[in-house]
Structure formats: structure tokens, C-alpha cells
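After this come two complexes, each holding chain A, first together with chain B and then together with chain C.
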Partner chain A sequence: MTARLRYAAIAVALLLLVTLPLWMGNSYYINIASQILLFAVFALALNVLVGYAGLVSLGHAGLFAVAGYSSALLLQAGFDHLIADSAAIVITLAASAIFAALALRSTGIGFLMITLALGQIVWGVAYRWASLTNGDNGVNVTTRPAPFGISLASAPSFYFATLLVFLLALITMAVFVRSPFGASLRGTRDQARRMTALGYNVWLIRFLAIVFSGFWTGVSGLLFIYYNQFVSPQVAALTASAEVLLMVISGGTATLFGPIVGAAIVVIMKNVVSAYIERWNLVLGVIFVVIISFMPEGLVPGSVRLARWLWQATRFRATAARPSEELKP
Partner chain B sequence: MTALAVRNLCKQFGGLRVTANVNLTVEPGERRLIIGPNGAGKTTLFNLITGEIAPDSGSIRLFDRDITWVWCHRRTHLGMARTYQIITLFANDTILRNVTLALLGRSRLRWSVFKDLEQQHAVVERARAALARVGLGHIADRPLSQTSYGERRRVEIAMALAQEPKVLLLDEPFAGLSIDERRDVRQLLNAIPRQVTVVMIEHNMDVALDWAERITLLHFGEVIVEGTRAEVVANPRTREVYLGH
Partner chain C sequence: MMSQITAAQAAILAINSLALGGLLFLLSSGFSLIFGLMRIPNLMHGSFFMLGAYLGVSLLDTGIVIGGTLLPNGLSLFGLTILEHGFTIPRITLVPQVPNIFLAALISGTIVAVIGGVIERFLLRRLEGQILPQVLLTLGFAFIIADICLMVWTGDPWQPSPPSELRGAAQAFGLFFPLYRLAILAVAVVIAIALWIMVDWTRLGAMIRAGVDDPPIARVVGIKVSRLFTLIFCLGAALAAFAGVIGAPYLSVYPGLDFEMLPLALIVVILGGAGSLLGTLVGSFIIGFLYNFGQARFPDLAYVILFLPMLLVLVARPQGLFGRNVA
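Moving on, here comes the complex of A and B:
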């Protein structure tokens, strides 16, 4: 029953997503939908570490920026999209491997601090190495790619391209989570010592997870620079790392749909609510505090728990109503 | 050929000598009991043998192969398995998943990214069989958080046995169990095939005395007495350590 309900919900969501440009109309809102999807890919990538590996990274915006800057600079140097983007992904994978090799000297707070420092190094390079990165002025990306001759210049066409990448990322995550390797990764999160004794190479499992996470972070970084057609040091800032971490935590770590919901909340707050309320950061903060207070496990698992509780409460009331009537004097 | 040969093993934590020149030779198929009062260095010895901590000096050989500097997780693949005194299981998963992880640990399948673990019937069936052997088949799908302490002890043993080890290290498998549960675990241990060499730690001397063939008495990191059951019980040093006179 619940499985069927789940499939129905996924089918409806998919239908809504695919037809979104038709009923949304206004290209401003289509662009916001593209933003949500590209940040959802980013949040899904971070969730591999935060949710399934139990490694909290505060430097993921650094990897996101490595992909964005690599591609933007190669495009500026005159390479075509395919070469620039492929090279950007390879560079991001290499950067992820370096991040992993350094940060995996530790777990917990130590891991968090090392990733934070690494992210700040990327930000420093973007901000201060002006001869390479153009410093605070950023790098313009003049054109969007046209895969198979389809131009992505318009809002709906870019939206469909982003949706395709997003669905690919989601399917990859779903397969990954159910795989033996996914189970191993969760094992290293819950009982690293026992996993070692059981014959697992915990370090290598974590290393591969970081590189896997780095890959999708890089992909979302590419989507981001094509969306904005611009990249600046702001992308690598600590606040950007914190923002995507908040997406994952508020939506629900170690769930497939949590990071997507989290991405939607943050992007909508930033773009839509900020048009009406100047202090939208305050609203976002209040929302996070409410989520963490009432649903510490995140919005998606929290809502499921609440719905289940309500369902059971109504059923209990229905069956318990009669005896309680009799008890009245 | 010896199953396990420990030579002149030393380990110091700061100024504390936890393992002091320990020599230990266990023959294939043997049932060896390591006893000693609290703080004798029994668990540290296990941690050194399994490679969770590195020794300061000395060597460890597994079936004549020097494993002193072999990584802990590789030793599992060479046929070593252990249980923990403090239960170390995956609390968020079912009993079945716990044992499945133990099986995956020794299978190439653990690296697979594209297969669905639930659909790996061969592994899942083996996990069920391993649980049936320890009498937990009927609650295989229960979350670990809903099991009793005694059941968790048996899950620990089931996971170690599922890995089909050549040398099994049991760290106080009777700790915290009721008399009935002890009897169950005891039956489990008696059913372990003779190909498997078993080394057990126990600080309570009489719990497993009749199970052991040879006994090693550890005190302040040193081997004080070693011999057959009768020899160790008769030795005055044993009385000294355990009774204090």
C-alpha cells in the first residue's frame, strides 16, 4: 500500500516537473525551478558524505567552484564546451581526491575543519590570484553549450537540460544507496571499527565516496556557471558551503528526497521571499530553527513521522471512542 | 604448522606496559582460553593480534605467515575473525543486515555499485542460514534495536562464524549473560567445527574452564602460567593471582 502510494507520488512529481515550463509560463519562475534542480544535484552530492558516510564537509563549495572556474577559464581560453566541461570534471575529480587524501586523516570535527580550510584555499585562489581568476570581477561565460545542436539559451530549454541531469543524478543516487557499496559506506558511518574487523578497507571506501560526491558536485558547478553565465569568488565562499549543508540537514540527511526539498526551500527563500521581505535571511533562519526544533531528523523524514503519527492517532480515536463514552458518569 | 604464533610481543601505553613480552602458540583446531584479572591486557592482546593497534616490538604469525604489519582488514581476508567484549553492531539495521555485512566483508561483491543488495539472494540466504545456526533464524528481519542483550551476543558470534574464519577470537562471549543464555552460547561454541581454531578471553575463570584444552594466564601484561586445564588450576601462581594468597 505505502509502496504503491510512493510510486504514485513519484509519478505525479515527475509529471509536474516535465510539464513545468508549460504551466509555469513566466520564464522567471522557470529559471528558479532550474536553480532548485541544480542545487538539488549539489545537495544530493553532499548528502553522500553527510548522510551516508557520516562525514560533514564544509568545503564542498570549493569543489563546486573548482569545476565552475576550470570550465569558465578553459572556455575563455577558446576551448569548446565538450573539452572545457570534460576537463573541468577531471580537474574536479583530482581536487576531490586531494581533498579526500588530506581530510581523511581524521573524521568528525577534524574532517569538518580540514574541509573548511581546503574550501577557504579555493576561495583564496579565486579571490586573490587575480592574474588567473580575474579576482573579484569573476569570469564571464559568454555562451551556453548546444548539445546535439539543441540551443540551451532559452529558459525552458535550459530547464529541460537541468532536469535531465537532475534525474540522472537522482537515479544514480538511488542505485548507489541500494548497492552493496552503499551498504558498506553506511556501515563505515555506523561502526567504522567493526567494519575494519569485518574486512572492509574503511579509508578506501570513504575516499571513493568523496570522489563520487565530488563528481556530482562538479556537475552541479557546471550547471551553475551555465545558468548564471558568470562565476565569481562568492561561489567558493564559506557561506555557500554552509548553505548547501543546510539544504541537506533541513531536508533530511541520508534520505533521497530530503536534499531536494532542502534545496527548494533555500532557493525559494533566496529568490522569491527576498522580493517581498528585505530581511529574508531572518525568515530562512527562523525556518531552520523551526525545522531543527520540531523535526531534528529533517523535513522529509519528519513529515513522514508526523503523517504516520496523525494516521495512527485518528485510527486510535475511532476505535477508542466507544469505551470512553461508557466511562462517563 | 601453528595456527597462531605470537613472539615477544610488547605494547606500552605511555608508561604502562600492557603487553610485556608475550609468547603464545596455538595449534590448528585448538581451543585456547586466555584468562586473567581485569586489566591483565587480554583485550589489548586481541587488538594486537587482529591489528587494530600496532605493537611496539615482536611478531605475530598466522599459519606461518608473518602478519605483524599486515593491515587489520587484510587479516580478516587471511582467515581471522573476532567478536567484541563491548557489543559492536549496526544498531540501525536488522539482524539480517548485520550478518549480511559480515558476509560482504569477505566477498568481492562489497565493491559493487550497480547491483541491488536486496536482490543478492545467494548472500542473503547465506546470512539467513548463518542466523539459523545460532538459533536466531525466526527473528532475522527484526531491527537490532528490538533485540535482547543475549540475542546480540549471539549475533556477534553469528557474524564472526559467517565469515568462515580459520582462527576465531572471542572476547568474553559470556559477559553479561544470564545462566540460560550462557548455556545457549556454550552450545553454540561446542558446535564450532574442529577446523576452526578458537581463542577465547574470559576473566571469570570457572565459566569456560571445561571448554578449554589449554589455558594461558595473563597478569599485568605477562604470561604467568600456561598449560593444560589441570596444570593451570593446580599451579600455585594461579591461586595467587585469582585469590590473592
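Moving on, here comes the complex of A and C:
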């Protein structure tokens, strides 16, 4: 794709997003669009680790829940939105730093297992420490904030607020990817030892990446509780971590737009599937297995490759190439 | 939130801790061997435990039966009826009812071993050496198994009663000890000894240790590492399912048990060190005691307390108490 075509595509997408509530009258669909955008922020945040740092976290729903619960509980205690949300972000940053300090004792599988365990701790607190978190009953968030006097109670106004945050996140990510810090993070992913030899502090780079990812995870967590006006231990469950990981890998890791496409696919699929059968977890599991087994490079590039392969296989049966066996993550 | 514990309560808690430790050892030893040997964090391990437990419950109850009325509400898509309601297929008894829980545990272990073996051989095998896809594949299957169990066994908890001869309590020092929990511990100890003999004293064990220490060299000296992988994977699955069944009268079986047990196995392995049986044994009993005493003294935080030793070990000794290679 040439640069000009790319800019044109982005401009069209932006125009469609900004005008979405106008041509999509039904507030049900506007709400789904808000969901997609807030999960896209979450997926973008996780992609910093999975895609650019090569660190797979299965505990990110824990950080998401830390932000959500902190804000919800502070709101319940009577603080106003600005204070509750700022405090929630600070708490999430602190939690990310703790996650990072512990999980970075290891890389690869070890990192994944430690983040999984840390995520389960958050779930355990949310579920079992009923006197603090109200256990399985969750915490209600009675009002949405009204920044500068603009109420976010209606579906379109909340959509615009989410879109604004989403665009901010996207711009930050674009800057981050092109920045020297982004380059050094990719360096630690590909050649950690060489980076060390070159004098980079690999540990610190990874640590900062986790905190950066934690920040946007926290922001998406806040959007989530305002969207649902409710938070429960389900938010911190392993399923939630797995879902957002699916968003990242289904769209294609280490790309700017992959996680957004992935978020759209997963949210739409979840809403469509839930309307017909109640077995979302089964479907989620099957999608995982199918993606891993047949299109490990991601749902979008994978479908294109499979379609091309099928087309070729029917045309030149004798010379049909086998699908690539390179199943690199 | 805090409550004092009397000596009598402490004794009962200790027995419970030992029983839970035994179950955790059965669950985690397979996880640890799979992780140590194949470098796969098998996120299906909790699912094997739960699936095994459910199969065991069914074996004790009616035997394993397939068929009956499927789709009681029919199947319709987009308002279009595809299958009428009450679609039935003949009932076939695959495995008849068994009277004894230990026999049920053996049969259930065998079934789950076969399931695990098939997944390993046909799907995991194709992803050798690729950590992320392996993790996601096992996670995907964990969700699938969880949902299938929910469909088949519904959301209600099941708790089989222990065998009649183990139902009472033994009296010693003026205290009563539930017999079945002692039996769980005894079975776990026997299996631990058997595993230790297998790993430390047999040719197979030598091959496993070689595989854990250095897979490429193990291959070079002619060990069929690939066959070993399948064997260990099946063994791990069988042990988890076995533990699920014999643990069912104690822990009961309910949806979500899988993802409650999986982190426990993770902690045990992080604590003990991957691929080390001794480490798994020590880790299991630490967690067993911490869980029961934590539950009694800080009920709200019991689950969180479990993770503290893991954090300490990670900070002080990332390879685990008895681990040799860093994970």
C-alpha cells in the first residue's frame, strides 16, 4: 500500500468513526462501537508487551480490574470522578510496577506463568475479600462523569468520549512505536543480549514498557466501568486476560492496527454468538485452537493466506504449495 | 477477621492440609514433569483435574453413558428451526457403573490420559518449540473442556460420598481424624514413592532426567524424546484426573474448579522448581498448610496468602527451591 493510499484509508476510517452515531441510529449498535473502542485501547496496551516487547502477559485483566475496582470503590466512598479516576490510575501504575518487578524475574514461559498467578491474585481479592470488594455481587457505579459539564449518560455522548480516548491512545502508540524507546524495546525483544552488550538497560526498558502498558490498561479499565456502570470479579478472570490476548493475536501482533481489528472481531463475535448460544467460552476456545493450528500469524493475514491457498489449490491442483509450516508467534 | 485456633482445630487443619498437599502433589507432579521436560506450561492441567473428577462422579453414579435426549429445545438459527426439539440418540453405556472410588479414579485417569495423549500427539506436537502458540492452544482447550463440562454436568456442585469403610473418623490422642482424608494422603504418598522410584531408579527415569536437563543432547544419544513427551503428557493428565476423582469427596466438583486448581499447580511448580519431584512435594505441602491455616485465620485473604511464598521465592531464587535450570 502506498503512503497516500494509506493516509486516505485512515482519513476515511476516521470520518466513519466520528460520524458513526449519525448513520448508526440504534443506540444498541452505538454501544457496541463504544465497547469495541474501549477494548481496542486495552488490546493496544497489551500489544506493547506481546507485540513489541515479546513478553506475553496472561494477567492483564488483573491490572484492568485494579483500575476498575479502585475507581468504583472510591466513587462509592463518595469521592468525585476526577479524584477517583486519578487515584485509580496512580494505583494501577503502582500495581503495574509491582507486576513488572516480579514478572521480570523471568522471561518467556516464566513471565507468562508469573503474570497468570498475579492476575489470579487480583481475582482472588476481588472474589474472596468480600468486605472490601463486595465479592461476587460486584460494585455499582451509579453515575458517569460529566467533563466540562457535558453529560456522558447517553450512548452517543459516551461513544464520543471513548472515541477521543481511543484516538489519544492510538496517537500515543504511533509515537511510541516510532520513538527511540520503541526501537530499543523491539531490540530487547529480538536481541536482548546484544542490547545489553550495547549498554542498554534491558530490565529497565522492559519495566517501563510494562508500566506504559499498565497505564493504558488502566484507562481502558476506567472506560469499562463507566460503560457498564458495574464491576465484578469476572473482569479479573483468566477468561478476560485470554480474551484480550485473543484480540491482540487475532488481529496480528506488533502492528498498530491489528489489535483494533482484533478487538472489533472479538467484541462483535461475542455479541453475535451470545445472542444465539450461551456457549461463548466454548467458541472462544475453538477460535483459539483454530487460529493457533491453522493461521498462527493472525486471523486477518491468516484468512487471506488460506483463501489464496484454497484458490490456488483448486486452480493448480498438482503444483499447489503447502501452507507455510513456519508457525512463529 | 482473625480468629484463634485451638489445638484440636489445629490437628484437624493439619490433617486437611496434608490431604490437600497430597492432592496438590498428584496434580502438580505431572504439571512439573511436563513443564520440566517439554517446556510447556500446560494450562489444561486444571481442566484435566476437573474433567477427571466429573468423569469419576459419573462412574460412581451411573457409569459413563452417551446418548439420550439432545437439544431439548431444538436448534434454531436466525429464527429458522434446524432441528426439532427432543432430538434423541440411543443411550449407550461406554463404561458401566463402578462401586469403588479408587477404581473410578483409575478408569477416569485412563480416559483423560487418552484425551491428553491425542491433544499432545496431533496438535501440541505440531507446535514444538513455539511457546506462545503452545500456551494458547492449551488455554483454548481449557475453555473448551470447561464449557463442555458445564453442558454435560450442569452448574450444580457434585460431591460423592467417600467409600463406606472410610467414612468415619479415627480416634487418637482424644482427637478425631477423618479417615478419608488420611486415605488421600496415604494414596498420594504411595504414588509419590512410585514416581520417585520411576524417575530416580529406572531407565525410563534416567531418560526423563536427561530430557529435563538437556533435550538436544538427549536426542543425540538416541533417546526417543518425542515418544517420551507423549508418555509424560499422558501420565501427567492421568495423575491430574486421578487426583480430581479421589479429591472429589473432599473438595467437591463444580464449574470453575479447573481455574482454581491451575494457579495452585503453577505456584507449587514455581515454588519447587520445574521438573523437580522433591520440589513439587515440598511445594505442595507448603501450599496445603498455608491454604488451610490461612482459611481458618484470615478467611478473606486465604487465596492471596497462597501467593506470598511464590513471591518470596521469585525474589530470592527465581529457579525455585529445588530447580536447577531457570524457567
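Going forward, the second predicted complex is superposed on the first by the 276 of 329 C-alpha atoms of A that agree within 3 Å, B and C clash if a C-alpha of one lies under 4 Å from a C-alpha of the other, contacts with A are read in each partner's own complex, and residues count from 1 in each chain.
Basically, a contact is a pair of C-beta atoms (placed from the backbone, for glycine too) under 8 Å apart; a residue touches a chain by one contact, two chains touch by 3 or more.
For clarity, every value in this text was computed on a predicted model and none was experimentally measured.
Novice: I'd like to know which partner A:282 touches here: chain B for first, chain C for second, both or neither.
Specialist: In the superposed model, A:282 contacts chain C only, not chain B.
Novice: Touching A:105 in the superposition: chain B (first), chain C (second), both, neither?
Specialist: In the superposed model, A:105 contacts chain C only, not chain B.
Novice: After lining up the shared chain so the two structures overlap, which partner does A:187 touch, if you call chain B first and chain C second: first, second, both or neither?
Specialist: first
Novice: Report for A:6: first if it touches chain B alone, second if chain C alone, otherwise both or neither.
Specialist: neither
Novice: Have a look at where A:200 lands relative to chain B and chain C in the superposition and call it first, second, both or neither.
Specialist: Once the two structures are laid over each other on A, A:200 reaches chain B alone.
Novice: Per the overlay, which chain contacts more chain A residues, chain B or chain C?
Specialist: Comparing chain B with chain C, the partner touching more chain A residues is C.
Novice: Figure out whether A:113 sits in contact with chain B (first) or chain C (second), or with both, or with neither.
Specialist: In the superposed model, A:113 contacts chain C only, not chain B.
Novice: Which partner chains sit in contact with A:179 here, chain B, chain C, both or neither? Use first/second/both/neither.
Specialist: It touches chain B, and chain C stays clear.
Novice: Okay, in this complex, where on chain C does chain A touch?
Specialist: 1, 35, 39, 41, 43, 77, 123, 126-127, 130-133, 135-137, 139-148, 151, 259, 263, 266-267, 269-270, 299-304, 307, 310-311, 314-315, 318, 326-327
Novice: In the complex of these two chains, what residues of chain B are touching chain A?
Specialist: Against chain A, the touching part of chain B is residues 50, 52, 71-74, 76-77, 81-82, 84, 88-93, 97, 100-102, 104-106, 109-118, 120, 159, 163.
Novice: Residues of chain A touching chain C in their complex?
Specialist: It comes out as residues 56, 58, 102, 105-106, 108-110, 112-114, 116-118, 120-121, 124-125, 127-132, 237-239, 242, 245, 249, 276, 279, 281-282, 284-289, 291-293, 296, 327-329.
Novice: Taking the complex as given, what residues does chain A use to touch chain B?
Specialist: These residues of chain A touch chain B: 175-176, 178-184, 187, 190-191, 193-202.
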